[in-house]
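Written out below as structure tokens is the structure these notes cover.
Chains here go by letter, A, B, C and D, matching the order in which they are written, and residues are numbered from 1 within each.
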Amino acid sequence: MTNLLVFPILLPLVVAVLFILARVRDRHAGTVAIAGALAHLFVSFMLMARVMEQKVTVLWVGTWPYPAGICLVADYLSAVLVLITAVIHTAVVVYAAKDIETRQIKAGFYPFMQILTAAICGAFLTGDLFNLYVWFEVMLMASFGIMVMENPAGRLTNAVKYVALNLLSTLFLITAIGLLYGLTGTLNLADLHDKAAGVENTALFTSTAMLMMTAFGIKAALFPLFFWLPAAYHTLPAAVAAFFAGLLTKVGVYALIRLFTLVFITQTHITHTILMGAAMLTMVSGVVTAASQMDIRRILSFHIISQVGYMILGLAIFTPLALAGTLVYMVHNIIAKSNLFLVGGLIHRATGTFHLSHMGSLYKTHGLLSAGFFIPAFSLAGFPPLSGFWAKLLIIYACLESGHYTAAAVAAAVGLLTLFSMAKIWLEVFWKQTPPKDPLPLPKNYSAWMMAPVLCLCLFTVLLGLFMEPVMQLSLAAGEQLMNPAAYILAVKGGG
Amino acid sequence: MESFLAIVVGLMVSAAFFLMLSGVLIRFVFGLILMGNAVNLLIFTAGRLAPVNPPLIGAKQTLLAAPAANALPQALILTAIVIGFAMTIFMLILLFRTHDQTRTLDADQDRFILETDKTDLPDITGQKVQE
Amino acid sequence: MKPPLPNIENPPACCRGGLFSSILPLVLFGFLCLAWPRVVQGDIFAVQWAWVPSLDLDLAFRLDGLGLLFSLIITMTGFFVTLYASTYMAGYPHLGRFFFYLHGFMLAMLGIVLADNLLLLFIFWEATTILSFLLIGFNHESTDARESARQALLVTGGGGLFLLMGILLIKAAGFPMGLSLLAASGDLIRSHVLYPAIFICILVGAMTKSAQVPFHFWLPNAMTAPTPISAFLHAATMVKAGIYLLLRLHPAMAGTPLWTGTLVIIGGITALWGAIQALGPCDLKRVLAYTTLMALGVLTLFAGGQTVLSLTAAATFLMVHALYKAALFLAVGSIDHQTGTRDLEHLEGLLKCMPLTALAVAGATLSMAGFPLFFGFIGKEIMYEGALAQEMFPVFATIATLMSNALMTAVAAVILITPFAGPPGGKLSLVCEAPWTMRLGPAIMGTLGIIFGIMPEWVSANLVQPAVFSIHPDREDIRLVFFHGINLPLLLSILTLALGSLIYRHRILLRYRVETFMQRLWITTPVLYQRALEAFLSLAGSFTGKIQNGSLHFYLFVTIFTMVVAVGWPWIFHIPAALVLPETVGPLIAFGLFAFILASTGVVVTARKRLSAIGGLGGVGSGVALTFLVFGAPDIALTQLLVETLTVIFVSLVLLRLPPIDAVQKRSCSRTIRDACLSLGAGLVLTTVLMGVLQVPLDRSLTAFFENHAYLAAHGRNIVNVILVDFRSLDTLGEICVVVLAAWAAVTLIRRPKEG
Amino acid sequence: MQSVILKTATHLMVGLMLVFAVYVLLRGHHEPGGGFSAALLAGTAFALFAITEGADQVRRAIRIRPAAMAMTGLAMAVVSGLPALFTGRPFLTGIWRHLNGFSVGTPLLFDMGVFLAVLGAILSILLALEEN
């Protein structure tokens, strides 16, 4: 009996409800949201501690037993991702407290963020396929809401594309769930693992797996299903973009990892080979498209795609080490990517633009901000001892160790092109002199409260890199756990 | 019966995708509604067509008296219907406001195609964009 | 290149912070000196802390002869450069950052040469890459500096990736990361099937860092950095990291024909190429950069050899080069600093104004040219010995060494004679000597060139042999001596000087020849780099334009197409088998409903008016609802019906404010056909997959559980409702969240202020 | 809508529909119906009301803000899961009291929460659209 599992979902939900029912005044909104985020961080931390102790912990919501009820399960992967979600949520809310306009607060920015957090945690924790679908829908709706929140400059045409393609993906998803239910008669993931082995028509099973892969592939922004992401992310306010960029695609990646290590593992020579192809194409197409962009947010958005490719590559290789690499990559990338979008917001505040051509000189005038960009950017490019180095190293090593030399070469080449893009931003934004026609950077048009989360996340990036051994131990344990789901299944069954 | 339902589902899906691809966003919403219906039917069919009894336990009884239709897919469909309804309404309102902004709902128009502002246009030479 | 603008008005202030910070390298140098005698005796200092044991990565450091040699060079040069920079850089903005990076760089360099773990070495390696990027781009407001910094970053960073691959291949092949352990398993590595791949990866890493042809071009361009940086990074230390790596991996990997052959060829070509190009430029720093290329080539050539002799040559020349090159760079920097130019065409007669600098330059250039009595002479003798004894391509090695040495002699003469000889003209006569902080380094290093030249035995015993023995199993006693007697190397040395003076005499003609030759070259790597960059960018642009083209139709088409292909292809051959279904008998009215649904669907698809489309949708919805009802699902039938009603109400409310559905451009016929085909394909795939699913008997255990517990445990008779509010209430909780959020978001949208 | 008869008829019908909605809600646990259907029914009733009488009338009739209603519904659904927490059982475990043959339990509260949430949601969009 461990209700602790429900708190990462429940707590933000309660905070969101409180926001409306208690009519939190606009000027207190930030404080309440930060308090809520900190509480969420606390319970996520407790959950992590619990999982470190018990390895897998399960809660059967409503006390209904296996496999009929809905269970929440936290293994290493889930617990780590919940914790990292809480961290990003906190950072973003602290940043937003000084950045978001009253208009957006009135439109319900904070409750939406809270529910979005709840949904993300729900997706990470649930042990039931249909419940996963529900959390995806909550997530999607919350993201729609935040996206169209009163931001008069926001272009709704981009939001339309985002909404349309995401709706298509949820339709694919529910179709796949329906078919899978028809095939196996169950929705519980652990039960699905057992039933999957008994499905005789493997072609049919593979087809269902492919439909599922397409659905989550859209969510995770895999090639060639990523169009919705670059279409919309660059229109978002910095805090929102940071949150979305860090987490939304990763939930898709998480779902792929969960399903393709627990359920769809009978035909790995087909499914995981396809995943590998998709991963490589995703890595390359993301990084190539990024190179052509001149808007910071567009560059970063395309890089999200590229980096999702690395994570999926780890899944496709399908060894404990590779999955550990995927986990390290996810943690690293969520932190670094969110941070970069926050920095993008600060750059905008300092220069009034997002376009590389129109800015410059920040290295001279904004030293701290330069460091704030440099650390996550070069972590993304994979420079030691920052977190991104280990992530890249693990993925490449996993490729080489399992004999996937082409994949390793692609991963390395993409690393070089990432370096190219990050160097481009650095050169244009920080080193170049501001072009004569454009205004010089403003002295410091942002408060220390907006800088603080950036620096904290930088610190995480550095610390993660310096204290890699515990992270490695945890990731390897997570990788083992994913490759040998016996413990997961036993824990789920035992709770019934 | 099943094969007919499966064909109905398939045709509805085809119609839905065709409408979505038309590029007229209102028809996209129609496609969405249609697809929602098709998927619900699909889940229903996947839950197997059983005897026509609804899954209700009679008064004074504690268990089903006779075999009944599969209740679980029904519950899933109910959830899906309501979620689909919410999404459809949202999409509709979104289009309504988008129309205010662009004065068109033809997704093939340039106003829809352009994803970035003029100044954000891809600029591969690294030279400053001329305005 | 700008004409001279002598620096006479303001004697430059000295940056105190920089001056104080030069204590760090001095202290480190002192420590190394304390350890020196014991290292010479063969002791090895090693420390080790665990860092990431799961990756076999420890913070392991080890000071042996080779490490000592490099660390001495690094700390000594580091001290002189910091001291020098404290004056040279005075007046620049952000000096704090400058010295921070400089010291960071020095420590990273020490890390490379002291690390006893290949991964740890790589981490320091990358650190030097990134710090050199920051240092080369120090004058970041100049476009040249930025571009050179980026070029260096990309080339060495790319090489770093190769090196990483190489290291990971070694690890994947099951070898330890500890360097001393790795050295012990040399035979296994050399015979491993992955050896060629490992070798190539590591070679590319070393070649980019040490600027070997064809990756050499970043080095001359990096000369846009302030002079102390050029002296430290691009002459004495960083570029030698690649050489260090080759030497360090020598016991583990060298000795194969692949290793020797490749390194000798690449090294020889780089040496010749650098030496020839050194005649070209007028910018003194560029000249020095090309001579550095020559030196790096020679070092690579000797790192390729397997004998003690070859390695002795490499170690000796390493010191020769470090001493004269750092001194020359610093001296050229002084000239630049004092006169405002470093253009050979503008410089003359500086001997009078800057005699002490001239003396230092003389010491360094004579060593560079290999005059007897100077350390360079010793280096050259041993080089010729080594080249003649090379296992592979000895003739090529000897000729390459000879030619490049001859060219070096000529270049040395140019550097020594052109700026200093003759009377000072124009403003140059006002030039004064540089401050002591800037003179100290060149002076001492120039002097060391002579001292070492006079006492080669001491150098041999205390520096060269410990270094060579730490990477070679044989204890062959090869001593550097002042005079070997009349032999082939001596003859070659004499020949070198003769050839050198010949080249010096015809240098104008040769320079012209080199220039025309360069112009005639079909393609060179700098051009290739530039073109590749441009091609990549234009490819990226057109690729982005094609794929992220903004068309929703395209996006949807690709997405649906992907789905159809992904789902369809594993399934396609099983479709016929799927068509046979165990059918359930249902009420006949169901067929009527199906027909009604399809007819209504047809109406929606073909409708040209909004109202008829809405009517069609209503028809579909109610048809589906009735189907549910007929098959025993009153709950969803009711809900579906109500949802349908509300949807129609909302659609009507909104649609009346929107344009008619046919108010669009006409779509082309082919596009409609393509869309129709794809849609039909999607329908076909889903239908057949569904049929396939229906062939399998359903496991109804979940439903059975719900049926058995709905009333007894959950106190409800409507099983569907009990599932919703109790068995699966978490789903429902999420679902009402969706509804509430959707409503809220919609209201936000509706109330959104209109724009102009 | 000038006609008094029509107005009265609408009022009557809306009233009937609302009563029916409550009926559907309450019987939902045992017969077809439940929170969703009831909310959709009530929503349709209010939609009818809004179209004939205007949004103001609806606002006046329901008194509380639709958004608050929706949130109250959500809150009720969440709250219905909390008692279990305090008795040390998993979240959303049903807690029942049996009185004279009637069973009252937290799932019923949950269902009412669903009702309010969905109704509030429909109403808020409806009114916003009408007022636009």
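As a working rule, contacts are C-beta pairs under 8 Å (C-beta built on N, C-alpha and C of every residue); 3 or more make two chains touch, one makes a residue touch a chain.
If you're wondering where the values come from, they're calculated on a predicted model, not measured in any experiment.
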Practice task
Using mean Cα positions, find the chain sitting nearest the overall protein centre.
Solution key: A
Problem - Chain pair with the higher count of C-beta pairs in contact (A-C, A-D) - result: A-C
Exercise for the section: Averaged over CA atoms, how far is the centre of chain A from the centre of chain D? Could you give it in whole Å? Expected result: 36
Practice task
Averaged over CA atoms, how far is the centre of chain A from the centre of chain C? Could you give it in whole Å?
Solution key: 26
Practice task
With chain centres taken as the means of their Cα atoms, state the distance from chain A to chain B in Å.
Solution key: 25
Exercise for the section: Report, in whole Å, the distance between the mean C-alpha point of chain C and the mean C-alpha point of chain D. Expected result: 62
Fill in the blank from the handout: Touching at least 2 other chains, the residues of chain A are 13, 61-62, 130, 134, 137, 141, 144, 148, 160-161, 164, 168, 175, 179, 182-183, 230-231, 292-293
Completion exercise
Within chain D, the set of residues that touch 2 or more other chains is 30-32, 36, 67, 71, 74, 78, 81, 92, 94, 118, 121, 125, 129
Problem - Multi-chain contact sites of chain B, meaning residues that touch two or more partners - result: 20, 42, 45-48, 54, 56, 59, 72, 78-79, 82-83, 86-87, 89-90, 93-95, 97, 101, 107, 112, 114-115, 122, 124, 126
Fill in the blank from the handout: Among line, ring, star, complete and other, the chain contact graph is complete
Problem - Partner chain B, residues of chain D touching it in the complex - result: 30-32, 36, 118, 121, 125, 129
Completion exercise
In the complex, the residues of chain C that touch chain D are 634-635, 638-639, 642-643, 645-646, 649-650, 653-654, 714-718, 720-722, 724-726, 729-730, 732-733, 736-737, 739-740, 742-744, 746-747, 750-751
Practice task
Could you pull out which chain A residues touch chain C in their complex?
Solution key: 13, 61-62, 64, 67-70, 107-108, 112, 115, 118-119, 122, 126, 130-131, 134-135, 137-138, 141-142, 144-145, 148-150, 152, 160-161, 164-165, 168-169, 172, 175, 179, 182-187, 195, 199-201, 203-204, 206-208, 210-211, 213-214, 217-218, 224-225, 227-228, 230-231, 270, 274, 285, 288-293, 361, 363-364, 367, 378, 381, 383-385, 389-390, 393, 396-397, 400-401, 405, 408-409, 412-413, 415-416, 419-420, 423-424, 427, 430-433, 468-469, 472-473, 476
Handout entry: Interfacial residue positions of chain B with respect to chain D in the complex
Key = 54, 56, 59, 78, 82, 86, 89, 93
Practice task
Could you please specify the touching residues of chain B with respect to chain A in the complex?
Solution key: 20, 25, 28, 32, 35-36, 39, 42-43, 45-48, 72-73, 76, 79-80, 83, 86-87, 90-91, 94-95, 97-98, 101-102, 107, 111-112, 114-116, 119-124, 126-129
